[in-house]
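Below is one structure, written out as structure tokens; the observations come after it.
Naming follows writing order (A, B and C), and every chain is counted from residue 1.
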Amino acid sequence: MRLVARFVAVAGLVLAGGLALPGGAAQAAACSNTTGVTVVIDYGSSSSTLCAADDTSAMKVLKKVATVVSPVQYPGTVVCKINSVPSDQSCQRMPPASAYWAFFHAPRGGSWTYSSSGVADYDPAPGSVIGFAFGSGGAPSSPPPAKAAPKPSPSPSPSSSSSRPPAPKPKPASTTPPRPSSSSSSAGAKPGTTSAAGSVTRPGPRPSTTAPGSTTTTAPSGTTTGTTPSTDSTGDGANAAAARADSTDSGSPTTLLAGLGLVGLVGAGAAYLAIRRRAAS
Amino acid sequence: MSGPVDPHAPVVFDRVTIRYADRPRPALRAASFALQEGELVVVTGRTGSGKSTLLGAVNGTVPHFTGGHLSGRVSVFGRDTRNHRPRDLAGVVGVVRQDPLAGFVTDTVEEELAYTLEQLALDPAAMRRRVEEVLDLLGIADLRDAPLRDLSGGQQQRVAIGSVLTASPRLLVLDEPTSALDPTGAEEVLATLSRLVHDLGLTVLLSEHRLERIVGAADRVIEVHDDGTVSDGRPSDVMATSALAPPVVHLGRWAGWDPLPLTVRDARRAATGLRADLSRNLGAPGGAQVAGVETHPLGPERLIASAVSVTHGTVAAVRSVDLSLRDGELAVLMGRNGSGKSSLLWALHGSGTRSDGAVTVVTATGARVDPAAEAPRTRRGHVGLVPQSAPDLLYLDSVHAECQQSDHESGAAPGATRATLDRLAPGIPDDHHPRDLSEGQQLALVLAIQLSASPGALLLDEPTRGLDYPGKAALATVLRDLAAGGTALAVATHDVEFAATAADRVVVLAEGKVVADGPATDILCDSPAFAPQVAKVLAPARVLRLDQVLGAATRLGAP
Amino acid sequence: MRTAGSPLARHLHPVAWWVWAIGLAVACSRTSNPLLLLLAVTVACLVVAAKRGSSPWARAFRLYLVLGAVIIVLRVLLHVVVGYKLGSTRLYTLPSVELPGITLLGPLYLEGLLAAAVEGLRLASLIACIGAANALANPKRLLRALPSALHEIGTAVVISVTVAPQLAESVQRVRRARVLRGEGGTGLRSVGRVALPVLQDTLDRSLSLASAMDSRGYGRRTEQSPATRRVTAALTLTGLLGAGIGMYGLLDSTAPAAIGLPMLVLGLALSAIGLRVGGRSVQRSVYRPDPWALPEWLVAASGLLAAVLVVVQSARAPGTLVLPVDPLAAPALPLLPVLGILVAALPAFVAPDPPVARRGEP
């Protein structure tokens, strides 16, 4: 089983690489199974396609394969930065309409649909595609990846059909997402844009170490609670660490105490004055 | 009016007729008169005559602001009001109205005093000086930062006068400046006015219902008759014939004194003989009751209050008052503003706040109930209240509708309210809008509505406000009739002359406590503050009103 | 009767207080760091406690604080009921209700609750700033500082402020009168019966006030030529329109830069000229105008400094101005904003004491 999975992952990588080289289309790492969710991220100057285990919301799926920063006002519900793109946003408020991450979804091989529900509310179907395009609302430049090539897959489901596979059924599938494999194709990458591309590749090394250990243990879809297995939590940890490194400067218990002390001090002054005034009148 | 009229006299009315579109009769008809510099002139007239119209016409508020058609000519210091709007005359004519609070634009004394000056674009230094002068002139320097709403009525009215005085007008027009004030406040204001006339030589034109307060100080009286015509003359001349005259004038006319006395002092000098006659007839000073006071037997207790206290926030308005009203009794509650009269009435009625104590009303069936515990509808049948602003009770668009609604509300037979109304104030047309009625008619309507539930006890809060002498006399008759019919009545009022005509019993409140309670003659004659004019003139004889003197005198033979 | 406070007691220029308060409010709006927000609220409390007058609206500051607290509670409740639940530290799981398109209740996470509370706190701090300005600066004095062309609008506002309590009074009086006629005074039917006399009352009051103002010289103005009037109106309207477009351009980042700040400045300038020209015909002066002296400069500057320092910090290190919730961590205590907000407490020391109003009656 594990062997098969590894084979699939490698095959996927090879396939993606192979396709990427001539065409530049970012289909390299589309899910090769019918249970994972393919994630297309269009940075504007470059794009990447990744495969993630299904989860209850597009946000959760995205977080598995990318570092996501939300605006302070809308934590966890709105995407402000993906893998540090855009770099010039402070992510205090809702991003401007001219430069934001538009969220699309599509069936494999279909066409992009601008999502009518939020990234945190949309529950992608297993085997479908979600797309994020940076800009003023346009769809990702690349079409949704075509259906997974019919492979010698042990999946019992007729996954090649366009109809959505019944979720619980393929549970025992050994087809696992080559999670999170990634590739980036910089179509005509300029020096300036490599940073984005570079950051995309950051999670890259992970699959080689984590994927094998986890992939087969859990069913990627059908579990509604969406509690993530160990890999996911490490992934989140990595994301969080990345997030901390690049955007938020948190304090320590000392700063917290110092701040509260300061507030208390000023507050005590105000209370003293108010009481004195009341006593005087 | 005789002789050539100075075209630059303070006020000249030349054949002025003013009509309003919705009134059949003109409010003023061919009014001609002129005011001289430094005069204090009082305008009298029945409620609803053209008094306010006349005063409004002086600075052009009529017709510039109120509408209506003016023919003839009104000029103020030579300025024709036809082409000078009120705002253009603001520096020349100061106008003060009945309710000072309704005319305040700002919220502190000093700002209010400066307001007119700001409008006149005086430079700040001069403005500062004038405001200080007026603060001193009116003795309100202590109040300069005070919020206007916190002031007493007399203080508010003085601020209102001050706020027009800062502009150094040469003419002051006041429309019933004291009618909303208690006697102390009214005294303050009138004393201020006569000082202004004497010290500054201001010309003052004011209207006033209670002539006893002011007619003695007036240089001239202008009477506006019901048909809109105007006559003017020296006070003693006008008073000799006018129906609107204070009790002292009626006494003087009856006694045939000449010159007719206008003040208690003059009358007292003239009354030496009458006093001697009375004391001979009535026995020793301070002795027996005067004959002719109609008395009827009092019934059982109807409304009993024991240890009633009322607190509003932190202010104690009524402190532990014991009071009981018997059937057929008419008790008058007196006391200065804020002495707790109103609070006590509302607490007795049961719909007002009562912080402590008990109130019991005896129902027609003899049951003893606490009115506060009753539903409003049932309570009405036991105890009724006519509030200070009686028109608040009226909300329908015709007298007829109000009467019908009242019959319905109180479960009385159809037409009952109308019948009562006709007894109280005959001849009010069914289709009139209640808001268009005169104060006396509105009061009669409200009284009829409250009586339709036939309560055993009726409470009235300041019913005489805005009533002229005949109106007050009519009200007194109505209330006496009710008392004679067995209703227990309590009336809160400032008006000592009204108390003298109506009351069986007087209760004096001060700072929420009863300080005096007894028969009207005892309380009113013994108190210098509350003694009516007749009592002051004829003291030590214990008489309150002219009819008592008449009663005594008929037994004496003619005066 | 109390004596006035210090001998130099006077009202600070109301505009100074408003500049200070707006500065502090801008600072609050740029951060969701609860430490900074709490600090700003306490600073506002300190200044109000030290320098408020004794007028009724000055006593209303507490109401603004209560309103703020209510907003925080509402914001958290809203989060519990309909909010998107996120976080990893689960506190409690409420049964979730699935409705089409929305999920009610559900699991509660510490991070989500904290984020909601901080959002509420930010709104509350803005309200506290506005409340502080209201408590410290008499709104009527502020209106007196208006240019004279706007004098009439100012007067209208003053009167409506004065009339409001009177309206409440007459409603109460009429309701009591309704009870006298045997009605409970509640229910929909009684509304109409209360409304009519109250309306009548209000109308009478307005008319008598208007007539009183008229006879006291309100509305005196010199005659203007129709041309001047037209120019004034055109200038003011165009200016306001321009300012509106400019504001829009400034806030909408997709708009071309030209219709942002330049348009706003141009519009405001045009309006200012219009008001100036229009004001020339209004002849009135101001009694004891509030001076603008050193304390005014200091107060206004302290508020502006707070805003500037927080804005600078948000450009330099925006992360320090937020509460990190993903993952949850202690908020930072950035030096510049803390300094700025503390400087905003300066008015508590440099502003003159307000004069103490003396009571009317002993």
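Following the convention adopted for this analysis, a residue touches a chain if its C-beta (ideal position, glycine included) is under 8 Å from a C-beta of that chain, and two chains touch if they have at least 3 such contacts.
This one's a predicted model, so the numbers in the text were calculated from it and none came from an experiment.
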Middle chain, criterion being Cα centroid separation: C
Chain whose Cα centroid lies at the greatest distance from that of chain A: B
Inter-centroid spacing, chain C versus chain B (mean Cα positions, whole Å): 45
Computed distance of Cα centres, chain B from chain A, in Å: 83
Geometric centre distance via CA averages, chain C-chain A, whole Å: 42
Touching residues (chain side chain C, partner chain A) in the complex: 2, 30, 32, 35-36, 38-39, 42-43, 45-46, 48-50, 54, 84, 86-87, 101, 111-112, 115, 119, 253-254, 314-315, 317-327, 329-334, 338, 342, 345, 348
Residue ranges of chain A touching chain C (in the complex, touch as defined): 70, 72-73, 75-77, 90-92, 96-98, 117-118, 120-121, 136, 240, 243-244, 247-253, 255-256, 258-260, 262-263, 266-267, 269-271, 273-274, 277, 281
Residues of chain C defined as touching chain B within the complex: 1, 55, 140, 155, 158-159, 162, 173-174, 176-185, 193, 196-197, 200, 205, 208-220, 283-289, 355-361
Of all residues in chain B, those that touch chain C in their complex: 59, 61, 64-66, 85-91, 93, 95, 97, 99, 102-108, 110-111, 114-124, 127-128, 131, 142-147, 150-152, 155, 163-164, 167, 346, 349, 351-352, 375-377, 379-380, 384-387, 389, 391-395, 406, 409-410, 435, 449-450, 453
